[in-house]
Amino acid sequence: MPNSVYKIIELVGSSSTSWEEATNNAVVKASQSLRDLRICEVVKLDTKIEDGKIVAYRARVQLSFKYGNE
Amino acid sequence: MPNSVYKIIELVGSSSTSWEEATNNAVVKASQSLRDLRICEVVKLDTKIEDGKIVAYRARVQLSFKYGNE
Amino acid sequence: MPNSVYKIIELVGSSSTSWEEATNNAVVKASQSLRDLRICEVVKLDTKIEDGKIVAYRARVQLSFKYGNE
Amino acid sequence: MPNSVYKIIELVGSSSTSWEEATNNAVVKASQSLRDLRICEVVKLDTKIEDGKIVAYRARVQLSFKYGNE
Amino acid sequence: MPNSVYKIIELVGSSSTSWEEATNNAVVKASQSLRDLRICEVVKLDTKIEDGKIVAYRARVQLSFKYGNE
Amino acid sequence: MPNSVYKIIELVGSSSTSWEEATNNAVVKASQSLRDLRICEVVKLDTKIEDGKIVAYRARVQLSFKYGNE
Amino acid sequence: MPNSVYKIIELVGSSSTSWEEATNNAVVKASQSLRDLRICEVVKLDTKIEDGKIVAYRARVQLSFKYGNE
Amino acid sequence: MPNSVYKIIELVGSSSTSWEEATNNAVVKASQSLRDLRICEVVKLDTKIEDGKIVAYRARVQLSFKYGNE
Amino acid sequence: MPNSVYKIIELVGSSSTSWEEATNNAVVKASQSLRDLRICEVVKLDTKIEDGKIVAYRARVQLSFKYGNE
Amino acid sequence: MPNSVYKIIELVGSSSTSWEEATNNAVVKASQSLRDLRICEVVKLDTKIEDGKIVAYRARVQLSFKYGNE
Amino acid sequence: MPNSVYKIIELVGSSSTSWEEATNNAVVKASQSLRDLRICEVVKLDTKIEDGKIVAYRARVQLSFKYGNE
Amino acid sequence: MPNSVYKIIELVGSSSTSWEEATNNAVVKASQSLRDLRICEVVKLDTKIEDGKIVAYRARVQLSFKYGNE
């Protein structure tokens, strides 16, 4: 990693079953347009509720990747 | 949402299998007495250990719902 | 204030024009059922956007009042 | 603790002598109406001053208890 | 919101009159190139001072929108 | 700004109408005795309540100015 | 718990499937050399990504146990 | 409190017996040169240790008083 | 202190009477196996409650000492 | 700065010698595609270690620049 | 340190070469009017950029010194 | 990194010239007894002052290494 620069973006992934899948959905989506994804840090976890039931697990994450590969 | 007011309460849910279920247990319990639950934010995750084994996954969460519906 | 105990609750007020009015809406609503409100601290400010326009200024606040007056 | 849900409320206790007594005053007051109090976490400590003298030690605390026992 | 992914960007809006207008200026600017803006959270408020007078109210905000619509 | 040193002080301004005016009141007061005020960062916003009504919007701010000009 | 002292250490567990298993892996490893483990608090969650895919869920946790049992 | 401005300063008080006395020592010292002290918030508590024994309880506190009365 | 390195460990001390004694208990216990203890910073204060009464004041502290003296 | 809007991005720069150079590397890289860079705030500093030696000083920074100049 | 009281002030030092020099500049400036400076804690590091180049490394620091020696 | 567990310890390194050297001193000391050091995160930077001059730059860091290699 000699002097390479990384960029960090923030995404919110969503899933009806788990925060792992919500995070994975964000990573999969990002990997369609970004290369050299490296680490994905969780910033916040929450759930959306409708009619008294959890309808979505959401993970707010920060993804780092080599800058210039957008 | 014209001028409606929401209230936020803090609960700790518990489960022997996952933090998703721990969170769901808190939401299910709250929905028995509160209506219009909207969002459930995770404040803290931990586990209880007995005899070197995890016996409970616990999620401390903040639940928002329309104020006056308690 | 000799040994009196205060309670703190968290509300989210909303307004189409300002965070001051959003906060005031939360206070007005709370004062209908709570007495001896004392201080209202801002925890978070955000806005809701629809069609590229701000439709609501929201203030998440913590209200303190004499415990036992609920 | 199989799947039981706990609630957390925030109180401010006050004492003319110490933060321990201020915290104890909040716990004693809460235990008059809540059962199964478990843990009391300190969120903030401050003092009120009049005429250059401390007149009250105040402890802002979060109390957890079994939800449904209010 | 089945499995859709949101992105969050951070902007600083500015106004000579209020933080609400500063926030609105950031939203208006962003809505020129981004679609499906949803929520705008305030991260920091400050003011710029010249000759002992406030010349700008500034709001640092985080804007979320559907990822892929940039 | 070659090697100049700035000092930061913390003030609480108050107003019956808005947090902008509360902040401005703190800046106006400080500019009577301090020169080269540069930036004023908001640390905390709250309101004082009497008889169920907001009587003061208060802004706790950090003011920076060239050190040595006190 | 009369006057006993607890120690807290920080570990990072890893798993290819979930943060629960990552946490459990840290607890299992620690219980090989430490007795009287009590609570395990999550400090941070992240994932490692290779070739655009999540290869490890990692949980940074704080484990408490009776001091002197190392 | 019509439009009055308060200033906040940070002190570290010290005592060989308790954090309450450490805080009180800071307040007493400040009240020798400042008037209208109002509130003293605890920012941090620590102790100094010599030869394996606590020799001082220290309280880092923020004191507010009417600005202009220094 | 020319280039010496210090280590910091985290302990939880407990007492039935005060947080000062809880902290002291942690320091006394640590000084049995560690030399050159220097500073003990409070990270968190809480209390354990049984039958509506405080049975233990607990202080979570960080202790620094010369590294290599364990 | 009448009503102009700034954007903030997060980068991680790296250097084998210092955090200043790591930060500078991030700024140099960013200035190749962004104009009107204004301020670069440090969010986090760390180092990468291989074979017991520091091989890279890394600085995670937030860069602000006039929005629309990407 | 028997019962002596320390004060903490916040300064921003600046340098064209490093954060160490920026911090040193703040300390040197403060030591011209304050005696018994003891510790200087870094609160924030940033850089000022002009024409795509870093022109100043800035360190925001908190300086403690014996209260009454101003 | 299949299911391996890492431990994190906190050290304070010191140097008369820079925070990079202070950090390096902590890493060098740790690598004498720990293997597989991986990352060293800065938690806090400060300086010690004597006679109005900086005599030591100190870096409080968190070091991670493979658990079981102590």
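Chains here go by letter, A, B, C, D, E, F, G, H, I, J, K and L, matching the order in which they are written, and residues are numbered from 1 within each.
What we mean here is this: a contact is a pair of C-beta atoms (placed from the backbone, for glycine too) under 8 Å apart; a residue touches a chain by one contact, two chains touch by 3 or more.
Since the model is a prediction, treat every value here as computed from it, not as a measurement.
Show me the overlap between the contact partners of chain E and those of chain F.
C
For the interface formed by E-F, which of the candidate pairs C-F, E-J or G-L is equivalent, sharing more than half of the contact pairs by residue number?
More than half of the contact pairs of E-F reappear in C-F.
For chain H and chain K, what's the span in angstrom between their mean Cα positions?
Comparing mean C-alpha positions, chain K is 22 Å from chain H.
Take the average of all CA coordinates in chain D, do the same for chain G, and state the distance between these two points in whole angstrom.
30
As a quick test, compute the distance in whole Å between the mean CA positions of chain J and chain K.
Computed value for the inter-centroid distance: 23 Å.
Counting only Cα atoms for the centres, state how far chain D is from chain K in Å.
Their C-alpha centroids are separated by 38 Å.
Chain G: which residues touch two or more other chains?
9, 18-19, 48 - these are the residues of chain G that touch more than one other chain.
Hey, which chains are touching each other here?
Pairs flagged as touching, ordered by label: A-B, A-E, A-G, A-J, B-C, B-D, B-G, C-D, C-E, C-F, D-H, D-I, E-F, E-J, F-H, F-K, G-I, G-L, H-I, H-K, I-L, J-K, J-L, K-L.
Considering only the defined contacts, which chain F positions touch chain H in the complex?
Its residues touching chain H are 9-16, 25-26, 29-30, 48, 56, 60.
In the complex of these two chains, what residues of chain B are touching chain G?
17-19, 44-49, 52-54, 57
For a test of understanding, state which residues of chain E touch chain A in their complex under the given definition.
1-9, 62, 64, 67-68
Taking the touch rule as given, give the residues of chain L at its contact with chain J in the complex, in rising order.
Touching chain J from chain L are residues 18-20, 23-24, 27-28, 31, 35, 37-42, 63.
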